[in-house]
Each structure stands twice: as C-alpha cells, then as structure tokens.
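Here chain A shows up in two complexes: once beside chain B, once beside chain C.
And then the complex of A and B:
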C-alpha cells in the first residue's frame, strides 16, 4: 500500500460524523496554503515600494530597492507550489495556451505574467539600468558579462537617458499598483467564487486577501531590512522603520476590520452552514484561528503598534519590537491562509462531519517541499542583493 | 381639496398601473426560467437531454449500484474514491440525524441505532447530478471537463492537469482525483454503455427500479412520467447548479 493510501486510511479512522466519501482526502494541501501566502508577500512588498516611488514617501527610501527585489524573488517562486501540487505538472502550460474563459483560475497565468514581466521586471530594469552600465565598467570577468547582458549592452547614461529611465519606471509603477491589487484580489476571488463552499464563498474574500497581503509584504520587508542592516553592520534608519510601522498599523486595522466584518456577518445571518462552521472554528481551527492568527498575529501587533503611535520608547527597544512584530505578523498571515485553505476543506459540504489534515514530511505535498518553496525565494533574494545591491546605487531623487 | 386628492390618486393609479404592467411584462419574459424542477433548461428541443430520477421510497440500500459502478468503470476499490455511493439516513426519536455510508454502501448497511430509538430511516443513492450549469465545468482552467450535447458532464483525462479546482467546486462531492492517473474522475453516466444503447450500470443493476434514467426532451420518456407523478426535488436547489438528478421523497435533511 502506498504511503498516500496509508495516510487516507488513518484519516478515515479519524473522521467525525459523516463526510462524503470523496471528501476524506483533503485536495488542497499545504502547498496551496503557500501559494496565496507567497503571492501576498509579493503584492505587499511591491505596494510598500510604490509608496516611496509614487506617493513620494521619501522616508521609506532605504527600503525601496529591498522591497522591489523581495517582490521579484518571491514572484519567481509564486507558481512553483501550484505547479508541484498538480496531478499532471507537465501539463501546467495548458493553462496558458488553452485557457478556459469561464474559469477564475485560468486567468492566473496572465495576471501572473503581466505582473512579473511587465510590472516587476520592467520596473527593476529601468531602475537599475544606469547602475548596471556603471557597474559593468567597474568589474571584470563573469560579473561584468552579467551586467552587460542584463543591461542589454546599452551604454547611454547621459542625464537625458537616465531621466527617460526614471520616467518610464514611474509610469510602470503607476500601472503596477492597480496590478498588485489585481494580482492578489484575484487570488482571493479564486476562493471567494466557490459557491459550494460556505467558508470561502464571500464577496469580501478578494478584499481580505488584498489587505492581508499588504500586511504580510510590509512585515516581510521590515524584517529583511533589519536583518540586512545587522548583516551589513549598518545602523538602521529608525525614522524609516517608524514610518513602515505606522503603515503596517493602519493596514492591519483595515485587515482586522474586514475579517471581523466577515465573521460578524456570518454569525449574524447564521445561514445553513453556521452550526457546522461554528463547530469547526471552535474545534479543529481553534488554535490556528484564535491563537496564532487572531491573538498572536493580529491583536498583539495591533496593540503594540497602536501604543507606539502615542508612546515612543527608546530606539533600542523599538528596534527589538520591530524585529519581533514582523515575525508575529508573518506567522499570523500564514495561519490566515491556512485557516482559509485547510479550514475550508475540513468540514463536509453535507455539514454532517469533519475530516482531518494529514501530510507527511516528504513527498510532493509534504512539509519539506513546502519548506523548500519558502526558502528558495530567500536564496534568490540573496543572489539579487549581491548582484544588484540597492545600497550601492547612485542616489536618484525619483522626481 | 377633494379635487386635488382625486387628481393625486388618479396619478398614483396610473403610476401604480404602469409599474404593475411593466412588472408583469418583465416577469412574462422571465417566465421560461421560473421552473425549479426544470431549472436545467435544455439547450434546444432537438436531440436527447439526459436526466436522472431516484425514488428514495424504493431504495433498499443493497449497494449494488455503487458496486456495479466500481466494477464497470475501474474505480479504485479503496473507500475514498466513488462515482456512485449510497447514504443511510437515520432520524432518531430525539430528532438527531445520523448519516452513514460505510465503504459507500457497497458491503450493505447495518443499523447501528436500536430499533426503539429510530423515528425513521431511509437510503439515498448519490452520484453526479450532471448539472446544466455545473460549477465544476465553470472552474476548470483548461476546459478539460465539459458538458456534452446530451447534458452529460464528462472529463477529458488526457487533458486534465489535476489542479483539483473542480473537486472544490462540486457541491455534491462527486469528484475525486484518481490515485494512479493524477487526473480527476467522475460519473460519466456510463457514456460508453449509452453509446451502445445500454443503460448505465447502476440503473441496470438496481433490483427495485429505484433509479430511473431517461431523456428529458422526450415527453413520453419514463423519466418524464416519473417526474410528473411524483413530487421531485433536487439537492441544494439554492445553489442554482441546474441539477438534473431528481429525487422523489427528498427531505431537507438530505444534503
């Protein structure tokens, strides 16, 4: 008997009440938890970068380049959890060449490509073109070749050409903000449009996904900035961190309000599925929803960030807070995705019972695979930071 | 003063009359869509338009349909993969409901509730509803699952990428991922048998004729006779899937 079947027999023995026989197996596993998580990090990091670029929040300058490269690194990996969970991964390209027009999922490929190629790639390229030309002249060997290749052998770094780069980069960013909204709002729509599943089927889902994406992306950039400064033995810019924390606070409030609204609405209208979902929330999802997502991932950060808006402790203490809070927030959003994706499959659509989540360490849907797709973006980011260090760029004012 | 009121009320009368008349006019254009029973509107009067009838009063829970389906269609034998299965509902005297389907009912049923505690008990065979507005077909990102002209929902397994979105979208739990093929699998209404003029396996084997299969476009079909003479309902009508699986004696606790 295969390990997969063994797992299923074990799950069968743990089924509570009645579930349709085909529902014993959880079809979307931990990899599909990662997919909205990673995409959310991309959208969030990009929106933070665009705050500096479009909305001219100059104080965020130290994180602009980091945010862009972070978004790009995670974007490159965003589809991998999806593809590796397919039953037929080698047919994945079909979604691009024969998309089914009525399917929400079919649009993913296009939204993804648009965002990756047109928005992120172009923005980074125009932002770094001049620096790549200069760096190519200052290096030798492979690295020089790489810079030449990446800058497409352009050499014009006259003020006029650089001004044009900056202008195009700005336009791309302007297009990028709605695109980032589209990308992640759309991921929420994939779940929100499934009328068969009352835990997913809410019109708020795209908006909730969008704001939770911003929360997670901002927290990630905050964390990476602090850790990078430590590694580079540089002093962190506290004004920048305070400002990021302020934005994180505002968006966390919106996110919390939206999710709260969703739950209050569910409780108040108490539809057919209410009893089944109520039992789910206070049973199998209790820790992941109330403790990890709610208390540690939302309430504690909200209260801490809220307090910091009125009372500013010493920089050293704030720095420690800014190191711990993003970790909590990132964990909270991870469990938010978990509660949506896994939670939505734990109860039967008959509302008569519950199945159990079980996955192994190894295998295409195992924890190791999931961990891989979480680690790879950081490796890509390390490479990109080595190749395109934002701190070695020539200062431009982005006017 | 009196005159004013008359004028006003006359105006109101015309207003209300117009609203009512246009309401009726709009409603009459919508009339073809109003039938709950035939929420599954046939694409045209020509050709066959298959539907299914199941008489809950006649099902004895022998599970032969579920077994025949597995044998006919090479469905994996493990109890997690079913194109067709039978559920046993037991409503106890205290009002609580017990639903069971050990191995999809293939090995038959044993009543676990003592006779004295049972208010009523019955069996409900389940299978793909072959919806006319099937959510599973809607969500397939590559169009590997489709509805045939005869109203049967099929999957092209040489094309399916195994993303499992359709499994999530089916409100009735009728789809599973084939463990060896990695693609989705579901009831085909024994399409291969239909093409030979045979009945689907689960219909042919039913010893009590609890399952009726036929052409909804044919007014003289056995299925239409069954629908006219029984009070039939579909499961989860509020989801508006255009289900074409009609149950006689369906009660609200069946979901």
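And then the complex of A and C:
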C-alpha cells in the first residue's frame, strides 16, 4: 500500500493549492489540442477554395485544387487524434451507431461524415471526373486502375456531362460553405457549451474557432503553394499570393478583434472566476498566450500584412515574407488551441488551485504521437497530388 | 440521368446500406436495456477491485484510537486519509497469530514531517474564509520551514509526531 501513497505524493507535487481529485491529471491532452487544430485547417482550406469557386475570385485559381486536396487530406486524419486518445480505440465506431440527440459529441460522427463524403469527396470527385477519365487512357498499371475505380468505370466526357458535373460541383460548394462553418463552429460549440468551465464557456467560442480556422487554413494553403512551386520549380503567381495575403489580413483582423472582445468582456464582467483566470493567464499560460499566440502568431503577422497593403516591397522580399508569415500564423493558431484546451484544465473549478500539464515524448498521448498525426496528412496530400495533380487538369472556367 | 451519376448514387446507397447493417450487427448486446448505454458496463465497473473500506470499519479493532481521535482536532479525518486504502487490512488483519501481519497487509504510518505538511504546510491558496458567521482557516497552516523544532539535548530534528499525537493533535 505504500506504493499507493508514493503515487499520491508524486501527484501532489504537481498541484498548487486546492484542486479536486479529478482535476489533477489533465484528461484532454495534446491530442485534443490537435483535433480542433486539424479540423480548423480543413475548414479554412475549404473556405479558401470556395472563394475561388463561388465568390469567383479568379485570381486564386492556382490554389483552388491545392486547397481542396489539402482540406481532404487533413479531413481524413481529423478524427485520428481523438481515436488514439480513447482508452479503447476499437470502440470508436460506437459513436456512429448509438447516436443521441442530446449529446453534441455523439452528433460529431455525422457532422464529420457529411463534410468528408458529401462536401469534400463529392466536390473533388465532380471536379476531377473528366480528368480521371482522360488520365486513365494515358496511363497503365496501378495508376490506371485507380483512375478507373475512382471514375467508377464510366467514360462519359461529353460536354453535356461535363457541364452537369460542373453544376453539381457548384451546388456542392454552395452547400459546403455553411457545412464548413458548421463543422468548425461545432468544434467551438463543444468547448463553448461546457458551462462549468469559465475559460471555455462563452457563446463567442464557435465564432472565434471559426475565424481562427479560416486564418490557419489560408496560411497553410499559402505555405503549401509556395513550397510546392519550389519543388516543382515553377514560379509562384505573385498576384495570387498577394490576394491570399489580403484575405489573410482581413480575417486575421476579425479573429483578433473577436478574441480581444472575448477577453475584454471577461475583464469587464470580472466574474468570480476572474482572479483564478488572471493568475492562470499571467502564470502558466504567459508564454503560450502572450508571446506565441498573441505577439508572434497575431501581432507580427497583422502588422506585416497591414504594411503590405500600403507598401509593396520587391517580389523577392514579399515571397520571403509569404513563406515566413504562414509559419508564424500556423504556430499562433496551434497555441490558440493549446491555450483553450490545456489552459482550460490547468485551474481548479474551486478557483483555489492549479495543476500542471506534463506529457512525454513517447506513449499513446505523447508528442511523437501528436507529430505523427500532423505528418500523416502531408503524406496523404503528396499521394493525392501525385494521383490528381491540379496543374495537369484541363482548364475549366467554373462558370 | 448520365451513367456516372447513377453509379455514384449506387455507391452512396451501398455505403448507407452497409452503415444500416453495421448498426444492427455491431450494436453492443446490452445497449439500451436500462438507458442510452451498455447495461453490462455497470457490472464491469462493479467487478473492479475495491481498495477502500467504509469509514467505521476500523473501529471494530482499533476502538481506542477511534475514541482518541474523536476527542481531538482530527475528528473529521477518516483513518484511510492518513493510512491509505485499508480494505484488505480490515478484512484479514485478525487472522494472524500474535497479531503479526504480513507486509502486504501493513498500512502506511505517516509519521514523517512531509506527511503532516501535505495538509498543514503554508499554502497561499489555502486562505482564510470569512463568510457572515464563519471565520476560519480551512486547515491550520504552519510554515514548515520555520516551525522546525530540534531536540534540546541531541540537537536532532524532531518529527511532528514527537510532540503531537497524530490521533489527538
């Protein structure tokens, strides 16, 4: 029994003040930080794609295909952090077969499948069907089989059929935009609706999640586009990048304002949780909130992008900026998720104590596992770019 | 309707059909019997080994300590708070001759300074609470670094329990 006590001492060395027993260990670890991060990238990338498709921002054409495939690759992996966080991963499917309308978590499977299959899959499928039919003829072996399989062994590429594809694709995108809002608003809703946690419980949460999602998704596509052009030894389309940067700037402003509003509201209302949160923010969250998320992830990109709206340096310098900024923004949004998920569990609901978050490198919830789920989407994306290269598509005008 | 749309609808129909079949086949057997959960989960949890016993069960054999404790400040503390989980001990302790218990049944005796400090060391968060009529510190706070008594003769550091009876502090 001494062993039991030994564990207790070890555990108690992690806490300060009064903490309820079930608050000592953080139940939602780094993997739960990744989940809203990855879904955010999906929603953001999709919204960028839809800018081109339904809002007809033609100049974004070079990134349309990349954005779609990026969204799809990340979406395939979005649930994996959740599944690997489960104590019994093999029971993960049960959420799908025993849904209940009173549980937001239980609805997730359907929101996810809707977005993956009906929105992303269908949009990509209708967008690529004609090309797959054509490519199937020009290739042999496995690749040819894949094209055949994906085009469901059909070969109809008459103008009428293609026009129909285009129309349906358009409708899917139109449905897709609210769906993307739903997907990510929903993730924020899960946090925002936890009324026992004053750090999470705010109606602004879904909206904040949504805009930070757009910010991160746009930054990711920007980064992938530049890196991809480097790899393919193509010159990047500067007009396109400038336009993306402009949208990033606008949305970053909205995101920043919303988060600022949320904090100001907290400070002004100063509910009973305020002191505890104040200590949290200036203590355990200081670096991740003020330095990584606030300064490096938001203020620096905002100022730089803002300056670029008035003053345009040479293309070379701009390209370098467009390479560095997305990295900063992506890091900032990652820490935003971190501050929400981890920060919300660091203080006791008694408001009299704090605990510590520690995670190892290895193990099912370690950093390596988390890194894996961030790398896998890029592998999937590489495969998809090999199979469905957007730059080899026949030009369509998406009218 | 063009062929490819028909096939696409077919593929989706197959997926939905598969899903419906899955719902029937994979639904856990006792799901829904008692509510929206697996009824068997209750038994599974009930089967988990227990470690703690009920608060009064120590009194049966340690009546003196219990009555000591009930006269002192620690009256509200349960025995197992300090001695650790004691179910096995309480069940089997009287089965040994000469009261010599095997190691596995012995409970921890928290006699070190750090043991008392868990609750009594100064902690900023454990402030005074002052409501209308209540005015109390939650647990008496001692600065363990300063409250450091040594034996006047041997100059050796004393433990808390050298002066305080843990059961009647």
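Heads up, the rule we're going with is that the second predicted complex is superposed on the first by the 388 of 399 C-alpha atoms of A that agree within 3 Å, B and C clash if a C-alpha of one lies under 4 Å from a C-alpha of the other, contacts with A are read in each partner's own complex, and residues count from 1 in each chain.
By our rule, a contact is a pair of C-beta atoms (placed from the backbone, for glycine too) under 8 Å apart; a residue touches a chain by one contact, two chains touch by 3 or more.
On a predicted model such as this, the values are computed, not experimentally measured, just so you know.
Taken together in the superposed arrangement on chain A, chain B and chain C clash. Of the two partner chains placed by the overlay, neither chain B nor chain C lies in contact with A:67.
Chain A is touched at more residues by one of its partners, and among chain B and chain C that partner is B. Contacts of A:352 after superposition: both chain B and chain C are touched. Contacts of A:195 after superposition: chain B is touched, whereas chain C is not reached. By the touch criterion defined above, A:86 reaches chain B but does not reach chain C. Of the two partner chains, chain B and chain C are each touched by A:12.
When the two structures are aligned on the shared chain, A:98 is found in touch with chain B and with chain C. Applying the stated contact rule after C-alpha superposition, one finds that A:215 touches neither chain B nor chain C. Contacts of A:119 after superposition: neither chain B nor chain C is touched. Only one segment of chain B in 59-67, 167-175, 221-229 or 239-247 runs into chain C in the superposed model, and that segment is 59-67. Overlap of the chain B and chain C interfaces on chain A comprises residues 2, 4-5, 9, 12, 17-18, 94, 98, 100, 352-353.
Those residues of chain B that touch chain A in the complex are listed here as 78-82, 85, 87, 97-101, 104, 126, 135, 137-143, 159-165, 167-177, 179, 181-184, 239, 255.
The touching residues of chain C, counted against chain A in their complex, run 2-5, 7-8, 11-12, 15, 19, 22-23, 26-28, 31, 36, 51, 84-86, 89, 106-108, 110, 114, 118, 123-127. Listed in rising order, the residues of chain A touching chain C in the complex are 1-2, 4-5, 9, 12, 16-18, 93-94, 96-98, 100, 117, 125, 129, 151-154, 156, 160-161, 164, 168, 352-353. Looking at the complex, you find that chain A touches chain B at residues 2, 4-5, 8-9, 12, 17-25, 27-28, 82, 86-88, 91-92, 94-95, 98-100, 102-106, 108, 190, 193-197, 345, 348-353.
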